[in-house]
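After this come two complexes, each holding chain A, first together with chain B and then together with chain C.
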Partner chain A sequence: MEAPTTSTTEATTSEVLVRADEIEKTYGSNLPFTRSVPVLTGANLEIRAGEIVGIVGGNGSGKSTLMNILVGVLKQDSGAVERTGTVGWCPQEPLLYDRLTVTETFRLFGSGYGMTAEEIDEAKRRFASKLDFEQYLDYRIDQLSGGNRQKINLSIALMHDPDVLMLDEPYTGFDWETYLIFWDLADELAADGTAVVMISHLIEEQSRLDRIYEVRDGHVYDVTERESETEATTGERRRKADE
Partner chain B sequence: MNRIQTGIRTNVSTFLRTPLNVVLALLLPVVVIEGWGQAMAGLPTLPTVEAIPIDLGRLLGAIFGVAIIAGLMGLAQMISARAADRRLVQTGYPPRTLLATRLATLGGVTVVVAAVNYGVLWLTISPEAPVLTFVFLVLAGLVYAFLGALVGALLPRLFEGSLVVVFLAMMDAFLSGDSPLAADIPEFVEYFPLYHPKELLQEAMFQGTYTTGDLGFVAGYLLVLLVLVTVVFGVTMRTSGGWSA
Partner chain C sequence: MNRTTTAFSIGIKEQARNYVLVALLVVLPVSFITLAFAVTQDVEMPVRTLVDGETATVMRGMPEVHGVIMTPITSALIAGLAGLFLMREAKDTDGRLAVAGYRAWQVIAARFGVLAAITLIVTGVSVGVMLIDFQPEQLWWFITAMLVVSVTYGLIGMLVGAVLDRLAGMWLMLILPMLDIGLFQDPLFIQSEPDWWMKLFPGYWPVRVMVDTGLTTDVDTALSLVWATGYLLLVAVLAIGIYYRATQAS
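And now, the complex of A and B:
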């Protein structure tokens, strides 16, 4: 039988940026006649620098709950999360201010990250060019299509060059070209040492991932296959980055 | 980048880009002030109040108009973008700074709403102390703006929250307003949010004076509401653990 991951079993040289230890989370309330739903019952996980990590699992298995706990926007009932570096979080639903323009959105979230006006402008230009939304900078968020909104959602998570990037199905609404650009971007980030963690449903993506964690029955299982191929993928990515 | 400036600027933009807000702020005063005045026009002169009923009605309409708009704005400021607020806080934007920008915006909006109400009121009544009358209208608005923000922080649903604010403001303005229709008013009405602002406003409007005790009560009310909003907002925006660079 497959054993859940433990936080000490991996022996790679990359720095661990996020470590979750025996995380438990139950949704419920203190009101009578309401049901408690245990979601995580002892989840362990390690995220290392330069890895692209996939979190998979069935509907309602607790993937988003786990990610929200790792990011820090949801408190676990018990267990510990150690975090190092800075995080960029791209939630599944674009959590943005509908009435602000794209430029204003960058300014507001950039000020949250503590960036200067020049740094914010530079980041905005860089991602607008890369993800092709330059023509929408003066549009309000509520005037954008779902795909363009998702591009802004992703850019906001990335604009401060985080050490760990947490993505909850980040490519929803992307066209094929943007989807490929997204993966190039993820490869570049990983090659530069950023840990990229994403919740994914697509089987075909699994060859792009260095490590795959499956959330099942409240636990997290390392289901990474073809370890040697994964190492080859990482090596190839690093070679491309060096070139 | 200055977080407070950025926050206030984006809050004001958001407010102005919501057409319903602007329409409410500009049109509601006319409807409420004249409507309340005409509703009380047919009532007999009150034994304890020197003002004629139609003027008293207009004054109550003005205080109700300011309170309800400011209250609903306060509610909307807390509810409309709660999920985005949590994301913003996660980026490192301090919750207290975020709240400060919201309350500062609310304060500004309340002053504008009070000015519109004062303008409509001034067309029909000449206040004995114009500046005091305006200041006390602003105070009434601030009380409800903070109250709306508190309701929004506690009850993060726009429909239910709006019902609470609207019914509270209606009952408050009605019971606090010396209306002969509301006979045998219990003493606890003195603790209602609009009771002392109304006393201040009425005195400034018709006599040109004010009572320090009423002013102190309103100041205390505002302070308590501010503390409650800060605590509740802080709890709702709390994140679990930070990232150490």
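And now, the complex of A and C:
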């Protein structure tokens, strides 16, 4: 088994921003008489600038495992991940600090992204307005509803205008209006050259995706042609956004 | 403000809103230390300690000895639980800070800084409550040993938080200081030198210092404080390593 490698460089043009090569991951246990579970057994994929990419697959197929490895919060057993540019990550369960207010949450993560106080404040106001949580800025995270918590979760991933946006079922808990706003936002980002990668379960969403990868039997398959009957290309999306 | 300062200041705010921790800080010192003084019968008891480098037995009032033991139990218990809570929350969420751009050392410095600040407050409150009823013979030596045992238990709480869930970790961190400081190191229970395995517990070296400097006028346990500090450093290295592994991937 080869040693895993991960590298991160700066994004320049609309090239491949994330490349995974022969990723393997097995969940094991140090306890005796317990079995290890191989999840990925040689996964390959590429994510390009300006694409909206869906990762689909059955329950337990390894979608979230793959995304966590692509983001860098989980280490692969072998294989290589190359990331170019900045990454925004919206995990399935909002990984936020329950006892911080929304404003403090923006400050904490904005500081990590290297943003100034003014930039953090501007991003907070922009997303609060767009996703309609302006009235909750001084609320603690544990005082928010599931849907509002998910809005903060998404905003934190987006606030630094990342080159690659990784979303693990980002719309869980959204009402219909917010769901539509989310897709408008994803289209705008892709039109601006951001690569948007999302784990998706909903079949009706697949027409919105430029590329669809299916995680199955430990491998990743490009099933774009099979799944997408009305394919919206990146070029079409850009033209729509320009209009 | 740089990243470490931001994460530290926000971490302090977050812990100040941890009502369980604040309640423990208010309730435990009074209920453990003040009540121990109030209900303990005022009789002279033989106490094992060091005199001129030799193990010796001196006669001291039982409330004084209880004060010397209950104060570090209180502090170790609260610091241990604080360490446990910190690690449980960090395991879930601090990995996202790394994705956001925080360097490992920045998050580690902030988190361990928060634990250090909590431990200072816990030690201060515990000693302050104790001073109402009892004055150690050599206060600063006593406080130093208190700090060492409290920080050590705070770090052990972090280690426990890395391997056990919240409920199991809480049980362990409630029982461990009681057994260690309240039983194995209590000179009223263990009249002779403790067995070798009792000396492996984190309270052994610091409690020797506290019994010596709390109840006698000479310092015979300076070397014990060095060993206690060594124990603390060992636990700190383990805690930092495990924290790093729990929150960082690549």
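Note that the second predicted complex is superposed on the first by the 221 of 243 C-alpha atoms of A that agree within 3 Å, B and C clash if a C-alpha of one lies under 4 Å from a C-alpha of the other, contacts with A are read in each partner's own complex, and residues count from 1 in each chain.
By our rule, contacts are C-beta pairs under 8 Å (C-beta built on N, C-alpha and C of every residue); 3 or more make two chains touch, one makes a residue touch a chain.
All values reported here derive from a predicted model rather than from experimental measurement.
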| item | value |
| --- | --- |
| Chain C versus chain B on the shared chain A, clash or fit after superposition | clash |
| Which of chain B and chain C A:Gly112 touches, first, second, both or neither | both |
| Chain B versus chain C as contact partner of A:Leu96, first or second or both or neither | both |
| Contacts of A:Ile120 with chain B and chain C, given as first, second, both or neither | first |
| Chain B versus chain C as contact partner of A:Thr84, first or second or both or neither | first |
| Contacts of A:Arg140 with chain B and chain C, given as first, second, both or neither | both |
| Comparison of chain B and chain C by chain A residues contacted | B |
| Partner chain(s) touched by A:Asp175 [first = chain B, second = chain C, both, neither] | neither |
| Intersection of the chain A residues that touch chain B with those that touch chain C | 71-75, 81, 87, 89, 91, 95-97, 99-100, 104, 107-109, 111-114, 140 |
| Sites on chain C touched by chain A in the complex | 1-3, 6-7, 10, 13-14, 17-18, 89, 92-93, 95-102, 249-250 |
| Chain A residues touching chain B - in the complex, by the definition given at the top | 69, 71-76, 81, 83-87, 89, 91, 93, 95-100, 104, 107-117, 120, 140, 160, 163-164 |
| Chain B to chain A touching residues, read off their complex | 1-3, 6-7, 9-10, 13-14, 17-18, 81, 83-84, 86-93, 238-245 |
| For the chain A and chain C complex, residues of the former touching the latter | 4, 6, 68, 71-75, 81, 87, 89, 91, 95-97, 99-100, 104, 107-109, 111-114, 140, 156 |
